[in-house]
Amino acid sequence: MSELIVRGARKAYGATVALSRGDLHLKPGEVHVLIGSNGSGKSTLCKIVAGSVKPDAGEVLLDGKPVTIDGPRAARALGIGIFYQELSLAARRTVAENILLPAMPVKGGVFVDRTALEERAAKVIAEFKDVAGEGFAADVTVDRLRADQRQLVEIMKALATEAPILIFDEPTSALDRAQVDRFFEILRRLKQEGRAMVFISHRMDEIFSIGDRVTVIRDGATVATSAIAETNADTVIRQMVGEREAVFVDAKPPVPATAGDAVLSVANLSGAGFRDISFSVGKGEILGFGGLHGQGQSSVLRAIFGALAHNSGAIHVGGKPCAARTPAEAIRNGIAYVSGDRGRDGTLTGRPILENVTPIHFLRNGLHLARPGALTALVDGPLKALKTKFQDIGQPVNSLSGGNQQKVVIARWLVDRPSILLLDDPTKGIDLAAKSDLFQLIRSLAADGMGIVLYSSEDAELLANADRILVFNSGAVTRELKGEDRTRYNLYHAAYEAA
Amino acid sequence: ADFKIGLSNGWVGSEWRTQMIDEAKAAAAAWKDKGVNVEVVVQSANVDVPGQIAQVRNFMSQGVNAIIINPNSPTAFDPIFKQAKDAGILVIATDAEVSSKDATYVGIDQKAWGAAGAKWLAETLGGKGNVVAINGVAGHPANEMRVAGYKEVFGKYPDIKIVNEVNANWDQAQGQQAMQNLLATYPDINGVWVQDGMAAGAWKSIIDAGKQSSIAATGEIRKDFIDIWTKDKLNSGASVNPPGVMASALNVAVLMLQGKELKEPAAAGQYKNAMYLPIPFIDSKNLPEAAKAVDGKPGYYSFTSQLSIEDAEKLFK
Amino acid sequence: MSDATQQSRTGGLGRLIRRYPFLPALIILVALLALNGIFEPRSLGFRAMTGLVSTYLALMMLAVAQTYVVFSGDIDLSAGSIVSLVNVSVIVLMQKWGGDGFSVIAACLAGALIGLACGLINGIIVAGLRLQAIVATFATSIFFTGLALTVLPVAGTPAPEAYWTTYGGRFFGIPFVLYAVVAVAIVLAFLMRMRLTTQMLAVGDDQQAAFQSGLPVTAIRIKGYVFCGLFAALAALCITGDTASGDPLVGGKMTLYSVAAVVLGGSALAGGFGTVTGSLIGALIIGLINALVFFVGTPSEWQNFAQGFAILAALMTGILVSRGARA
Amino acid sequence: MSADALASKPAQNAVLAFLKKPLVVALILIVLLLAVGEWLSPGFASPGQVLRLLIVAALLGIVAAGQNLVILGGREGIDLSVGGIVSLAAILAGNVMNGADGGILPAILVCIVVGAFFGLINGVGVTLLRIPPLVMTLGMLGVLQGLLVVIRNGIPSGRAAPGLSDFVVKPFLLGLPGIIWLWLLIGLAMALLLRRTVFGYRVYAIGSNEQAAFMAGVPVKTIRIALFMLSGAFAAIAGMCLLGYSGSSFANVGEQYMLPSIIAVVLGGTPLSGGKGGYTGTMAGAVLLVLLQSILTTVHIDESGRQMVFGATLVALMLFYGRAKAMRS
């Protein structure tokens, strides 16, 4: 019914080869997982199929016949719908308009058919009704939605195409568990209907719970395709990393380090989206923030960092009061903040890697002159420590893959060591190997005496790396999990109970 | 007040316009000595044609007796002037002619103005030589009339050749640049016909190139330029478009409002509604007098003249 | 931004403004009308109001024209010179074709076509060749002005009386311009419901996203410029009616006013948000500010400053109010 | 394919990449235009004439320096008020010096302070009130134009000091007038500012992603306000030089620099979206623009024809630069 074959797809951006040999065989009625480390070319392959990237070579066959896809419109006409990793929403249009933007119902040939628009949008929205969260409605503009809700809109937009072939490029990276479950229910139903779906995620559990077959892509080339039932996480990871040593996320809680004096203490902090938050982080400690998405974890971190106002409460850094009103002030006080939303808060798009790593160094040292030579030597260490892949320090940061961009953003904080590191879901879109590198580094930073707060939307990550976990619910801390209490069960229990 | 007169000015890009309005205001005040109270209301701003039409409408809303306008367009005001006249308002245009048969033009003949400068230049050059022209804004009626004026005169001198004509938008610096370019490409220029403030710019380029002894060029009437003219003994001549034209128009307007009738109805010009004022001319012969007239004034002050009340009265029955 | 509580902080006014982005402009307009009325009661009379509309109808049209490119995040600095070009073309054609009723209509149609062609050229250059809108349309504005000067080298050439007496005349006791306003309002109401409008706004919001969603982005932007050219032509027809003559420089100064009117009307210059209704109001605001400055009795040398200052203040107020409500 | 051919391919690419650099494009076009000018009217490319063109280009180029900074700072940065500031500075400078060399220094001070002051207002409007720059500076242009009328009504307009005029038009060192040296100095200063100072790094940072820069501790507002102040100051300096060029101040002298200063920046390879580009290209862009205008003045055709050729040529030139990337890459 809708069998898609991609053969030898190739795409290079200047010197960077994004995809050297992309092969994919997608059958009707399956969820086909595409997996590979950051920058391996998954998104590129998807965009080629969806028509938004022009391949240098390769062919696409639909039901056995070669087709030319010369743009997103052509792809749609061929029955291919896509969820874009970076989303494709019009922020000031309503949810309903966004969902049906690619194919607005019209009457009289040119006028928007509002009734049909609302009806059809309502149908798709209804599927996520109880998990979409507060403030989600058909007539709300997208700019008023949270990140996870926007991702839902993008999912709905893909679903509304009713295309026989659907591509989902990391659709779950911002969703909470209930939303993911609902999404998977829908995928299973579509599977029954005989549709073909590509699904990309860096989360192993998701892959094994929804996938039928998996294609592994490494360094721009398809490595292997196998049935999910006939493979396991270990094998997949080995295929992903190739010769390199396979890495695993340790699911067992580490032995808690003995926390030193408090480097950061927060008392009764309240503001927009959080209230009455108190905690302290000791020297060498990794404090985890857990709970469902958007329960105030990010806001607290941003408030400490001076990027969000707080109404009341006290923040002490190294024993001294520090109520930063701007990030600059917080940085001068030794606070670092890594945002998961690198597109918005992180990368200086279009600028060289060097310029992306240096701003904190300038600020903390009160510099006025910049000497590129000395700076290059300076930033080399942190970039290496994170195993950042790049060709040239003068290369624009956006020519790197998402994961490597994130590493560049993290590296900027490591040039001059901060005393407090706030991690706001820092691994969004980072592959497993990179994650493992990152957490090793974080642990060693902690061992050197840094105080670290880690908010992660991935429970496994939190359980594996945090010494202590504060569970957030509706803007308040509802539980503290220490030592042996740090279990998945306790975490879920605390996260889901009514606040 | 006995009469309320609206003054409309649609462009404020030069001191000349400011002086024009100031002189008109002073002229209105001078009527007090004659026992006539003339109140003026002024609208003066950079506006486009619709904006100036709105100015006229605002005057109509205020119920003025007469409107004196320095129009941004010769033809665009036909409909609104008709409405004004229907409302019993006297309309007088000055400085630039208008086509409306419901208005009277009181001012100089721009074509004759252009011709006067050209005639001086042609005679100074002895009827032969290479001439360039630096004009104002292409498509602007006053500019085109002046151009027509010099073309007609130069046409009568077969040995005078217009080698190039450029537009410098009545901007002094652009006039200077244009002259520079022209001097570079036409080393054998004998004469330059240039108008208004651009003349000062053009002369600066001529002086910078050290050609002031070999080139004759028209000049302008601001004190700044008259000073340089005197000091450097430039070979120049300038027709005068006095900023006093609006004051002259005001004097005529008041007499008309008093119900007096013109001896000769205003019927000159292409639109048959003009009453032309004399165009003074400054050349080396009367330069000292002109210099004396502007002595002690600021640099931007233009040499001026106007129809006094007495002069104006002589035009009426 | 990432917090649930953000949502609940929206007052009733905020919701109204989000639904009707031109509301702040409307309030400013009403305030200006009231002030004009206080300082010169006659300026609110039927005659004066009709006059205001007939004079500023051209700027209103041009503001609408500009809005259609602003919707998709573009700008057209040549809009005013399109007005000039169409104005002189229509005048010359009317004269050439005899000036009777039929030729007047034919010339108007030709004028619309010329506007459309200019818009198409802009669209192809900006969207098709992907040049930066501000500089590219500045370049085409120079070109169009040159063209207008070729068509009619000097201002003049009266329009046939049939044309401007119609524009300035009355039918069944109601001025023609009011019919025109109603007709335009109806047309705009239809245009607002067009899919194209939504698509333009989506393109203005995020061009890449719109493209990836499968919208024909280039075509949509070109259509925006074509609309702009068309409405600029309508503006030219209004100017021709109000001035009854041709002038190759008539529209030059209107361009920046049209941009100001769009912003005054509450549209986002970056695209993705706005209404044509707002732009119409914005154009009237400019007109009323100019009138008010005079009626208040501002000394002549301060008038230009007062106008500039008042427009700047209105621009700021509008932006601040609507943002305050939206936040 | 032989090994040779394989080896020469990257070299070819390097040449092609070099030829595509905006600065190189501009320089090639400049040479081309000079040749065309000389061919159309002999004497056009003579050293003296080129020097005079450079003086005019320097005036534009100095305005464009500020414009360039504001554009680099991103967030649709643009400064339309430079037209008004140039005029204002020319008038103020004339009044302050009023023909006396002793007044030059005070005039410089007054101009820079006044220019920076209006830049400050622009910057505050753009950053603190978050008015889009185009709107803010357009409004400011209206205010400045009004202010010019007020000022010219109130105070007598003065004259350039001979020293200032000499500085602009008379050869000063190596046959070049002072203004050219000033321009070169500004070029050098801009290059250092943008490439070797933290300020410069920060300008690019806020130009490419303001929010990210803010989160990395860049004082976003301070920098942007500084950019607008610099733009005002550069426009004011240009206004002063313009006074020196024309000898006396008058009306709206500055308006002719408003949009051309933007064009010069674009022709120099700085896209209006900000965060990319530099001033060296802009200098070439200014020369290119002035050259084009001058060629057209010397050709004997109607003004209407000149304008059409000018407009069309500008569009054609822009095709060499800053074409946005195709959406489907």
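Think of it as A, B, C and D in the order they're written, each chain with its own count starting at 1.
Note that in this section a contact is a pair of C-beta atoms (placed from the backbone, for glycine too) under 8 Å apart; a residue touches a chain by one contact, two chains touch by 3 or more.
According to UniProt, the chain labels map to these proteins: A = Sugar ABC transporter ATP-binding protein; C = Sugar ABC transporter permease; D = Autoinducer 2 import system permease protein LsrC.
Nothing here was measured: the structure is a model prediction, and the numbers come from that model.
Listed by label, the chains touching chain A and chain D alike are C. Among the remaining chains, A is positioned farthest from chain C, on the basis of C-alpha centroids.
With centres set at the average Cα position, the gap from chain C to chain D is 30 Å. The geometric centre of chain B is 35 Å away from that of chain D, both derived from CA atoms. Here the CA centre of chain A is 71 Å from the CA centre of chain B. For chain A, residues that reach two or more other chains under the stated contact definition are 52, 71-72.
Residues of chain B found to touch two or more other chains are 12, 18, 44-46, 138-139. Annotation for chain C: residues 148-149, 153, 208, 211, 301, 303-304, 307 touch two or more other chains. Under the contact rule stated at the top, the pairs of chains that touch are A-C, A-D, B-C, B-D, C-D.
Chain C meets chain D in the complex at residues 75, 77, 125, 129-132, 134-136, 138-150, 153, 207-208, 211, 217-218, 256, 259-260, 263, 268-270, 301-309, 311-312, 315-316, 319-320, 323.
Residues 7, 9, 12, 18, 21, 41-51, 53-55, 57-58, 60-63, 73-80, 83, 99, 137-141, 144 of chain B touch chain C in their complex.
For chain A in complex with chain C, the touching residues are 50, 52, 71-73, 75-76, 82, 84, 87-93, 97, 101-104, 106, 110-112, 133-135, 141, 144, 146-147, 157, 272-274, 294, 296, 298-299, 475.
Considering their complex, residues 41-44, 46, 48-49, 52, 56, 145-146, 149, 152-153, 156-159, 169, 242, 245-248, 250-253, 256, 294, 297-298, 300, 302-304, 306-307 of chain D touch chain B. Only residues 12-15, 18, 44-46, 135, 138-139, 163-167, 169, 171-174, 176-178, 180-182, 184-187, 197, 200-201, 204, 208, 224, 298-300 of chain B touch chain D when the two sit together in their complex.
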